[in-house]
């Protein structure tokens, strides 16, 4: 229930327009341009609705890493903390260039992922907008910190470029690591392609920083397929950016000694002292998952729904997320050409999970095929828990360890299930 | 603006419990308190669950007196006894994950510097020997090598007190501890040496014997960290429970240990030395000027 | 789970049991500007304010719980807001004001007449037998936790006047609660009384609570009452003996 | 209660740090085991400092115990120190929270403790049996130290629920202070040494503790407190 605050210029980066939250400015006047501002200084803060939904866009053919860079360029990020790991490294390098160009206020390479994810927690507590990225083993190394972010109510952005995590060590795409994020409590979006890798981080920042949400957001894509391959990405101009983080309108106080209470110890451990403390920890956890539920409203607004449905009403529905969606789109096209009645549901938001949307979209379905790029089939499990008549679910096909998924494999599965 | 966070909004003061009213009227915020004033003003730290006669508690109280600008300080800690007291201090306290203090402090300090360009914000890590020398070691060393501008204070009780008496890297060789059943096999870690190697601007080794010296050292460390670079204080704060030190003898023990192997020792980098000498001169000049005015 | 149809969950006074669900996850959604929440249902702001007013006027030991964001004057806005807060209080006969000055786990035990604390808010509710309360100026995270614990173990009617999006776990809640809404709330209380809701308590305004508050409001310096030792002899002996006992523990 | 049904008791002990609440629960629980009964105990430390609330839980049964964890709904509540009630030095407030119908409250107090009208009412509503045992006084009289209060409480509890036997409690006390070291916290270990130093020999310490436990047992039996489950209330002296 945080209080309304008068604009605190000290907490607003100088070059930001204080009116930004409410309106999207007209293009800069001529004399302004003459000043030859560079980097963030040359950008205007605009309303998120404008930047995400309304601003005119141009198509470019770029890699996923470049798409992420362009997203970050417009995200008004304060600090980015990097640590190399394939296939993520390119992205944080690109973000480093943004820092050099003046789009980000601070940037450094951390010691390793535990240190990086801890520093992200520190920066978020300071009230700034913070970003990092990792992959596979890096995520595993940082996971102790990552699962503590939601409980700390720490808005932040974690980009995840999925790769093999288990021995034998490999760098190939395989999104099993997302299954480790499912129970952390944070928001998890799974992007299909370069376009999603541009859009989702911007949306994620805005959703995670809503007072009733106040949660970290992870945007995952399947490594290499997305990060290193080029695709068409529709983007608005470079000269606009999101409003800065409005840290005094969040669910918890900032650790800046500028907002009350002074005796915050906001993160003080719930000590084993009595039931009531247990009750507090229990209520604390409930609140995290409740906050996730509240995020749906905003995800619907900016993500255009937690799911996308192709061929609604088809008897056979494919349910997929990430790169498996692209393969499934092709499968649907070929199936339709063959006169088969096949549809597709793309799950954009894994946390919060679109339970209701899925049930409505699958009401009519007789068969539900869930293709995945991992061995354990975490998405199939999620789907089975979410819907009824689970005998309709065919939990596959699956590839893993870096294999790609031939469209034929999906078509065969559909055929075999007849 | 900060002081406003300890000023009740109009009309609310009377409704606050006495300890908060005292903090407002007679707390450590309005001016720098001296150790000699202890007992004559409301300390930042409230009643806490530390054991009676705990040297660490005394040290922590002195840190709260010493901090040069309480209203602009944030403290980072980790698991261990110390946080039981620090949690009750009237300063924002970040209780992170195990041994993450110096990485969290890095992000926190950099974040605060972005938001508060004209107001220096002091970040102080205060954690135990286990938290800093063992599980948090990598983060500590890297924050030093990166020259992060905050102070690290090690509450060195040479044992994992909160978990019931296991040996840490800072435990002396040969000590029989809960996880060194036949005695600890290696020497106490030389964190001060490592700090110098890593380029820490100011380091000090100190025992809990001389309150004024403790306060001065802490103040110096925080001020140097603000202007020059990382600073480190390694303080002997015995655990009278796990080392079975009689409560009235805790300070005697601190003195013995000080004589024996924990003597007061300071080190300045050249840059830190120059900064400190000049700021001392400046303070003297100001004091003189103040006298003249009177 | 699944698409099993849930019967509409209602957020009503407890005790609901050890661990009530988060209202949000039972399908309760937040009100928009101009709306309010009453027992989990979206209603007009006016109706929410009226229900809140009636609860505060007619239930036992009504109490206002100002949180850190309103009771510390950290910006001019809070000073301004304070006045309107007390205007509301003065319209509520027999109202108490018990602050939530911070969120730390207070050691060794809170004084339930002096403060409320999110680690165990039910102690304050139970000790003072509070059956209607208002939370205002508490950070949303701590407010939600507090509201759940109170619904779990007490029969208190909780009202969350939230400067942000509102609270599903309160029996009554209004979002974006700024000064204008404080004024409207006061007006609502006055109207409700005019329209014949008879206040449970007589007189006007605030009843001091707790030794510190009572003294302070009289303009005296609060002095903590000596904790008289029950069965002085024995208990006294116990304490002393234990202290001296432990003090020579290594000998 | 019919012979067919096995007896099961859930005991919640509340006291303040340093009183030996946890030690008492060890002795009681272990005594039941020695009696060939079933028992489990859960120590529950409050904040680390002395004089802070401490709770400990003991399950006692004539057959297998499946439940684990803290006891939220006890049928026996033991108050080691009146401050638990009078100064709210308790994590479960009011102190009888969760007490089952026709349960027992044992309070360490030489005189009948004055409870608030509400407390009286709620206790009688749940037809609770409230017994006041002067445990600290017995400890001082018999052992010369109030640190044996916990043993007096053990004696009283055992008398009231009819188990464990006096001899098993004596054996249990032996094991606690001499044989089979039970893992204790640093603070408890320190306390032990204080207690030990109060007596010439450990044997003496053990004997005194036994005497205290037995004295309290007698005190309870004299007043027919062991009949609380069967006899009409008026027959059981409170």
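The first chain written gets the first letter, and so on, giving A, B, C and D; residue counts start at 1 in each chain.
Methods note: a contact is a pair of C-beta atoms (placed from the backbone, for glycine too) under 8 Å apart; a residue touches a chain by one contact, two chains touch by 3 or more.
On a predicted model such as this, the values are computed, not experimentally measured, just so you know.
Based on mean C-alpha positions, I'd like to know which chain lies farthest from chain D.
For chain D, the chain whose C-alpha mean is farthest off is A.
So using the touch definition from the top, which pair is joined by more C-beta contacts, B-C or A-C?
Higher C-beta contact count between the two pairs: A-C.
Quick one: report the Å distance separating chain A from chain D, using the average Cα coordinate of each chain.
Each chain's C-alpha centroid was found; their separation is 55 Å.
Could you grab the centroid distance between chain A and chain C? Build each centroid from C-alpha atoms only and quote it in angstrom.
Here the centre of chain C sits 36 Å away from the centre of chain A.
Once you find the CA centre of chain B and the CA centre of chain D, what distance in Å lies between them?
The answer is 43 Å.
Send over the residues of chain C in touch with two or more other chains.
Each of 18, 70-72, 74-75, 78, 81, 101, 104-105, 107-108, 123, 246, 248-251 in chain C touches at least two other chains.
Among the residues of chain B, pick out those that touch two or more other chains and give their numbers.
Residue numbers touching two or more other chains: 1, 5-6, 46, 48-49, 52, 87-88, 244.
Any chance you could list the residues of chain D touching two or more other chains?
46-47, 49-50, 52-53, 72, 187, 190, in rising order.
Within their complex, state which residues of chain A touch chain C.
Residues of chain A touching chain C: 1-6, 8, 153, 210-212, 214, 249-253, 258-266, 268, 270-271, 273-274, 276-277, 279-280, 282-284, 286-287, 289-290, 293-294, 297, 355-356, 359-360, 363, 385-388.
Within their complex, state which residues of chain C touch chain A.
Its residues touching chain A are 1-4, 18-19, 21-25, 29-30, 67-72, 74-78, 81, 101-105, 118-120, 122-123, 135-145, 148-149, 152-153, 160-168, 177-178.
Which chain B residues qualify as touching chain C in the complex?
Interface residues on chain B, with respect to chain C: 1, 4-18, 20-21, 46-49, 52-53, 87-88, 244-249.
Okay, in this complex, where on chain C does chain B touch?
Going by the criterion above, the answer is residues 66, 70-75, 78-79, 81-83, 85-86, 97-99, 101, 104-108, 111, 114-115, 210, 212-213, 216-217, 222, 224, 243, 246-251.
Considering the complex alone, what residue numbers of chain B touch chain A?
1-2, 5-6, 46, 71-74, 76, 79, 83, 86-98, 100, 103-119, 121, 138-139, 142, 146
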